[in-house]
Amino acid sequence: MSSNAFGKLFTVTTFGESHGPAIGCVIDGCPPGLALDAAEFAHDLQRRATGKSRHTSARREADEVEILSGVYEGLSTGTPIALLIRNTDQRSKDYASIGQQFRPGHADYSYWHKYGIRDPRGGGRSSARETTMRVAAGVVAKKWLRERFGVTVRGCLSQLGGITPNGFDWSVVEDNPFFWPDAAQVPELESYMDALRKSGDSVGARVHVVADNVPPGWGEPIYGKLDGELASALMSINAVKGVEIGDGFASAAQKGTEHRDLLTPGGFASNHAGGILGGISTGQPVTASIVLKPTSSLRLPGASLDTEGQVIEVVTTGRHDPCVGIRATPIAEAMMALVLMDQALRHRAQCGDVGHVTPRIPGKIDG
Amino acid sequence: MSSNAFGKLFTVTTFGESHGPAIGCVIDGCPPGLALDAAEFAHDLQRRATGKSRHTSARREADEVEILSGVYEGLSTGTPIALLIRNTDQRSKDYASIGQQFRPGHADYSYWHKYGIRDPRGGGRSSARETTMRVAAGVVAKKWLRERFGVTVRGCLSQLGGITPNGFDWSVVEDNPFFWPDAAQVPELESYMDALRKSGDSVGARVHVVADNVPPGWGEPIYGKLDGELASALMSINAVKGVEIGDGFASAAQKGTEHRDLLTPGGFASNHAGGILGGISTGQPVTASIVLKPTSSLRLPGASLDTEGQVIEVVTTGRHDPCVGIRATPIAEAMMALVLMDQALRHRAQCGDVGHVTPRIPGKIDG
Amino acid sequence: MSSNAFGKLFTVTTFGESHGPAIGCVIDGCPPGLALDAAEFAHDLQRRATGKSRHTSARREADEVEILSGVYEGLSTGTPIALLIRNTDQRSKDYASIGQQFRPGHADYSYWHKYGIRDPRGGGRSSARETTMRVAAGVVAKKWLRERFGVTVRGCLSQLGGITPNGFDWSVVEDNPFFWPDAAQVPELESYMDALRKSGDSVGARVHVVADNVPPGWGEPIYGKLDGELASALMSINAVKGVEIGDGFASAAQKGTEHRDLLTPGGFASNHAGGILGGISTGQPVTASIVLKPTSSLRLPGASLDTEGQVIEVVTTGRHDPCVGIRATPIAEAMMALVLMDQALRHRAQCGDVGHVTPRIPGKIDG
Amino acid sequence: MSSNAFGKLFTVTTFGESHGPAIGCVIDGCPPGLALDAAEFAHDLQRRATGKSRHTSARREADEVEILSGVYEGLSTGTPIALLIRNTDQRSKDYASIGQQFRPGHADYSYWHKYGIRDPRGGGRSSARETTMRVAAGVVAKKWLRERFGVTVRGCLSQLGGITPNGFDWSVVEDNPFFWPDAAQVPELESYMDALRKSGDSVGARVHVVADNVPPGWGEPIYGKLDGELASALMSINAVKGVEIGDGFASAAQKGTEHRDLLTPGGFASNHAGGILGGISTGQPVTASIVLKPTSSLRLPGASLDTEGQVIEVVTTGRHDPCVGIRATPIAEAMMALVLMDQALRHRAQCGDVGHVTPRIPGKIDG
C-alpha cells in the first residue's frame, strides 16, 4: 500500500533519486516461468534514454540493469524481481545554487512544503529519472502480455508545441528521434527544437499510446476500472496534465449517434470508446492520449522566492529536456502495459483463466 | 483492496444495482467527533437527482439516506459509517427487451464478456445510480474538509455539446438546472436540450471543478500523487473519457515561460498548474476538468448484436439523460472531496498534524 | 484498505454496532455464477446465535439476512454482494450506567482512549455482534470452496476452562450446544457451565478448526503467507489471545526428527505442520487452534476507574456469554474459509487456474 | 498490495534469495527528518547474524547495509528508503543434490507445487536469510518509535526444547548467545546445544517480545487490530507455528475474575491482556510470545519423494541452525516494531497527532 508502488497484483515499487547512488524497483506478482534476461531491458531503456539525440537532456546514463532476485536459471520463479541501475552521470554541483530556491513550476516548492526537507540534486525523487524503472518494469509486463495473450503496446508523439502530424504511419515512429508518425515532418521538428533550445525556453507535447489484442473483460468496476487505472498511471508520469481515453475531450461536442460504436458481425464498426466501456475492455484497441507540460527548469530567468521568502530570480543551469514529451512515449507505453498486466491478473483471479467469454451456465460454477 | 472501494485511509465502499432493492456505502476511516445527521445529505443528493428538471431522466427517487452505523448521539465515532438508500422508482420491465441485446456504446457488452452474466435492469451495477453514494460519501468528506481546513469544493458545467460559457460567475451556477456559470446563456441551453430530447439523440459535456484553500503538501509521490488520484477518481465516473488538471491539454502548445506560475511575496502569480506540482498541492486552488461522452442509451436505432451474435437493431426505451454531463457536477465535486480527504489523512500520517509547512530542523524529529 | 475490511481479492467489509439499527457487510470479489439465496445463511447464523442454549447470552436476534446487491436471478454477478441484518433485540438501557465507566478487561477503555468517544451500548463496535457478518460472509466462501474445490471447513471446542476432550468424534460435534467432540462429556460441561453462570464468573476456552481438501500451493510468501493470514484472521476474533498452526506451541519441545512430516507415495505420513510449509498449503488438512479469554463483562464487581479518573467498582448487568468460546466455533470456521477463499483467488491470479501442480516447462509460459 | 510487502503506511517490501546476488528492502512511508546512517544497522544485524556462536549456522555474512535512496545529508526525506546487502558467503553447490528432492518439513515441497519452479539454493526465497531485511527495516522503526514516543522493544528466548528459564533478568539477555534471561542456565544450554548439534537433530523454541511505553489508542479495529497485525507479522517469521498475546493459551483455563486487569489510579494492576483490549493498545506493555518449530534441514536421513514421485531418503548437508529460535529474538523485535510504527502512523491519520487521549468535545472537530 506504499505510495511508491503501482498495481494491485502485479505490483511495482520504485525507489531512488536522480543523483543518489542508484535507482531500482521491486516487481511482485510476476507469474512464474517467464524467461528474463538483463539484456532484454536495453531496448526500451535506450528508447527512453536521455542523450539519444541533441533534442533531449545531455545527461548520459548507461542504464545497465542488474537483476537481483526472482529469476533462477533464466526464468521467473514467482518471487519478487528486483532490478537495480546505478547512477553514473550525476553532476550534483549543478544544483548547489538552487538548494534554497524554488524554481517556478517545479516540484521543489511542493516537496519542501510537504516534507520540510528535500534533495535538490537534479530534482531528487521528483526527477523523471524515476521513470527509468517504470520502463524497466514495463519490459516485463510487455513480454508476459505478448507471450500469454498476444497483446502489444506502442506509442508515438502526437503533438509538439503547435505542430501535429499531417499523416500517420506506425512504421516510421521508431526511425526518428521524436517518435513521430509522419516522416516528412521530421526536418520541421528538428528545426523547431533547435530554435527552442537556443531560445532557452521549453514546450509541451502530446503522446498517443495504443494496446492491440486486449481481450474483452479486463477492468474492474467501479473504482478499479481499466480507464480509471490508466488515468492514474498516466497522470503519475512527470509533467502530465491530462489524460484522454478514445475520443477524449472531443466527445464533449459529439452526439450519441456519432460517438457510439456500432456492433457488426465483423466486430465494432469504429472505436470512439478507446476500447473501454463501463471500465472494462471491449476487445477493440485500447487507446489513450496524454499531454505533458513544458519543462519548468529553464535558462530564462523567472521571478520566484527562496526558502526564507525572499524575492529572487531563478535561472536553471542543469541539463534538462526542452520538451519532456519527446521521451515520454516509452514511459506511457510502460504504464499502459503495467495497467493491463495488473488487470489481466485481476481478471483471472475473479473470473478464471478460461470460459470468461462464454456466458455462465446458471448454477454451474466455472469461475 | 476491494475494486468497489475508493481511498486508502478514507475508504468508501459502494454497493448496489440500479434496480436492486437498495444502494449504499460504507465509509471507513472518518475521524471521530464529526457531527453528522441524515438530513445533511439531502442538499447534494437533490443537486444530483434525476428528475430535477425536464432535461434529465424522468426517474424519481426519494434518495432518503439512513445512517446504519458509525454515528452515536450525532457524532462520528471512528467506526465505519454505513449509509443506505432504498430504490423506489425502478421500472425493470423497461429493460426486459434488452436483456439479450448489446446497446452500442454501453457497458452491457463488456460486463457480459467479463462476467458471463449481467443484471440488465437499468444498467445494473454500471448505472449512474451508483454515483448517488459517491455524492453521499462526498458530503461527509466536504464537511470535514471545510470544518477542519476551510477547504471548499465547487463545480460547474463548462461545455454542453458545442456551447461554451461566454462569461463566468460562480454565483449563478446553483440557480439554473445546468450548473452553468453564465446566466444569460440559460435560455439557449434550454432550447438546445429541448430540441435534443425531441430528436432522440444525446450529447457530450464538460465539467469544471475547483477546490479552494487546500494547504500545500497534500499528495503522495510517486504513485499516489494528488493529480494521479484525481485522475483515477474522476475517470471512474460513468461516461467520463478525459481528465485535465490546470491548463490540461492546452499545455501541449505552451512554452515553459508561459506555463510556469511565477512566485511572488503575495503568492503565485497565476495557476496554470491547477494547484499541483510533482503530485503535491501548492496552496493554489486545485482545478480539474472532465469530459463526459454522450449517453449511449438512445431512442434512435443503432446496429448491434445480441448475445447469440445475431444482427439486431437496438432502440432503448428506458428513462435516460440526454446529457449525463448535466448532473455530473455534484458527482465530480464529491470525487474531488474524497481524494482531498484521503490525502489530508495520508499527509498527517507521514508528516504529522503540525509543522509541515516549516522546514525540519536537522536531527530533530517532529514528523 | 479499510481497517474494517478483510481479504485482498475476496474482500469483506463489515459495519454496524451491537445496538445500532443494523449490521451488515459488503463482499467484493465473489466470482460470478455462484448460486446464492438468503435462506442459505440461516444454518451457520443459527449455529453462532446467542440464545441457542442457556449457556450463552440471552439476547435473541432473528438474524434474517437481506441480500441487497450482487445477486441476479439467484446467481452472483461479480459485483459487490451486500448483506444486511437488522438488530431487533437491543436493550440499550442496560448500558446506561457504564457509559462513563471502564469495565476491567473490556475494550471500553481502549476505544475511549483511541477515539475520545464511544458507543457504550452493548460494546458498540467492539461487540461480538460484529462476528455475525463474518459468519454470513463465510457462508459464501464455504460454498464456493466446496463447489469449486471440494474444500470443507469444520471446527469444534477443544478446551473449556480446565476441561479437555477425552475422545474425538467429529460426528457428535453438531449434536451438543458446546460443539464438543466427545458426547460422553456433555453432562459434565452442562454442570460446569451452570455452576459458572450461577457464580457470576466467566471462563476461557479453545477452539480447533480444520480445512480438508485444500490443494497444495495456496498462500503467498512472504507477508501474505497462508498461516500469516490465518493468524491475522483468527486473532481478529473478539477475545482471541493466541493462534496455533499444526502442533503449535508443542513444537517448542519437539526435535526436528519428531516434527517433520515424512513423505510417502501415499502422501504425508503425519501432519505436525498443520498443512502449511513456508506459508503455502501442502495438500494436508490445514489445522489451527485458537484460545479465547474469559468474558470481561461480569456480574462480580471489579475495581476500576471512570472517564474522570475516579475510583469505581464495576458490575455489568447486560446479557453476556459466560464463555464466549462456545459460540466461537462457527466464527473460526468462517475466518478460515475467508482466508482460503482469498488465497484461492490470489493463487490463480499469479499461477493460473490450471497446471500449477505440474512443474513449469522451462521457457514455456503457462502461468 | 504486494505479498512481499508489510505494513499499510510504513510499508516494507523485501526481496532476495538466500544465494542470489543480494537481498534488500524498500521502506516507504518513513516520516521525514529522521537521522539515519548505514552504521546504525550493524548492531541488530549482528545480533541476528549467523555464525555469532557455534550454536548457529556456520554461514558468515558481512551484512553490510548500503542506503540507496531516501536519505539526504543524513536525514530521511520522506521518499522510499532502499537498503541493500550483497550476499557474500553462498555455497550453492551444497544444494545441488536437493534440487529435485523434497526435504520433509521444508518449504521445498510447497514452493514447487505452487510455482512449478524453485530456486533450491539455500532455500531460495523461503530461507531465513530474508529476515535480515526485516531486522534492518526494524532498526528504522525502532529508532523513530524511541525518538518520537519513547517506545522500546526487546525480546528474549523463553524456551529451548524442554528447558525454560528459572529466573528472569532482562539485563543478562544480551550477554549470552541464547538471549536467555537467566545467566545461571547458560552452561546447561551450551551443553544441550552441543549434544544436539552432534546428534544431527534440531529442536524448537519460544521467543518472548515486549514493547514498553506504547501509548493507549494504537490499533485499528476490526481487521487491522494491533494484535491481529502482530499475529500476522510474527507468524510470517520462518518456522513460527504459534503466536500468543499476553497470557495467551493459558487464558483457556482462566476465570474472568482472574484474567481481567483491574484499573487503579496508578494504572493497571496486572497485564494478562498483554497491553491490548479490543485490538487497541491500553498503555500497558505490549507482550507477545511465539513458538518456532525445529529446523527441517537435518543430517539425519528422512523418508521423502523427489519431483518425479520416487521414494528417496533425504540428508541435508548445507549449513543450518540446529535451533532457529535462538536467532529469532531480534527478528521478532523487528516485526513488533514494524507493526507498532505502522499503527502509530495509522492512528495519527485518523485521530490526529494531539488530543487523542482526551475525550472529544461534542461537536468540536479536533480529529
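As written, the chains take the letters A, B, C and D, and residue 1 is the first residue of each chain.
Criterion: a contact is a pair of C-beta atoms (placed from the backbone, for glycine too) under 8 Å apart; a residue touches a chain by one contact, two chains touch by 3 or more.
Small disclaimer: the values here were computed from a predicted structure and weren't measured.
Separation of subunit A from subunit C in touch steps, taking the shortest path, is 1.
Across A-D and C-D, it is C-D that has more C-beta pairs touching. Our note on geometry: subunit A versus subunit D, Cα centroid distance of 37 Å, whole angstroms.
With each centre defined as the average position of its C-alpha atoms, the distance from subunit C to subunit D rounds to 25 Å. With touch defined as above, residues shared between interfaces to two or more other chains in subunit D number as follows: 1, 3-5, 8-9, 14, 29, 32-33, 75, 78-79, 114-117, 125, 221, 346, 351, 360, 362, 367.
Across the complex, subunit B meets subunit C through its residues 1-5, 7-9, 11, 13-17, 20-24, 26, 28-29, 32-33, 66, 68-70, 72, 75, 77-82, 84, 114-119, 124-125.
Against subunit B, the residues of subunit A that register as touching in their complex are 1, 3-6, 8, 14, 102-117, 125-126, 130, 159, 161-162, 201-206, 216-225, 227-236, 238, 240-249, 251-265, 269, 272-274, 276-283, 291-296, 298, 300, 302-305, 307, 309, 311, 325, 346-347, 351, 355-360, 367.
The part of subunit A that touches subunit C in the complex is made up of residues 1, 9, 29-35, 73-75, 78-79, 144, 147-148, 221, 345-346, 348-354, 360-367.
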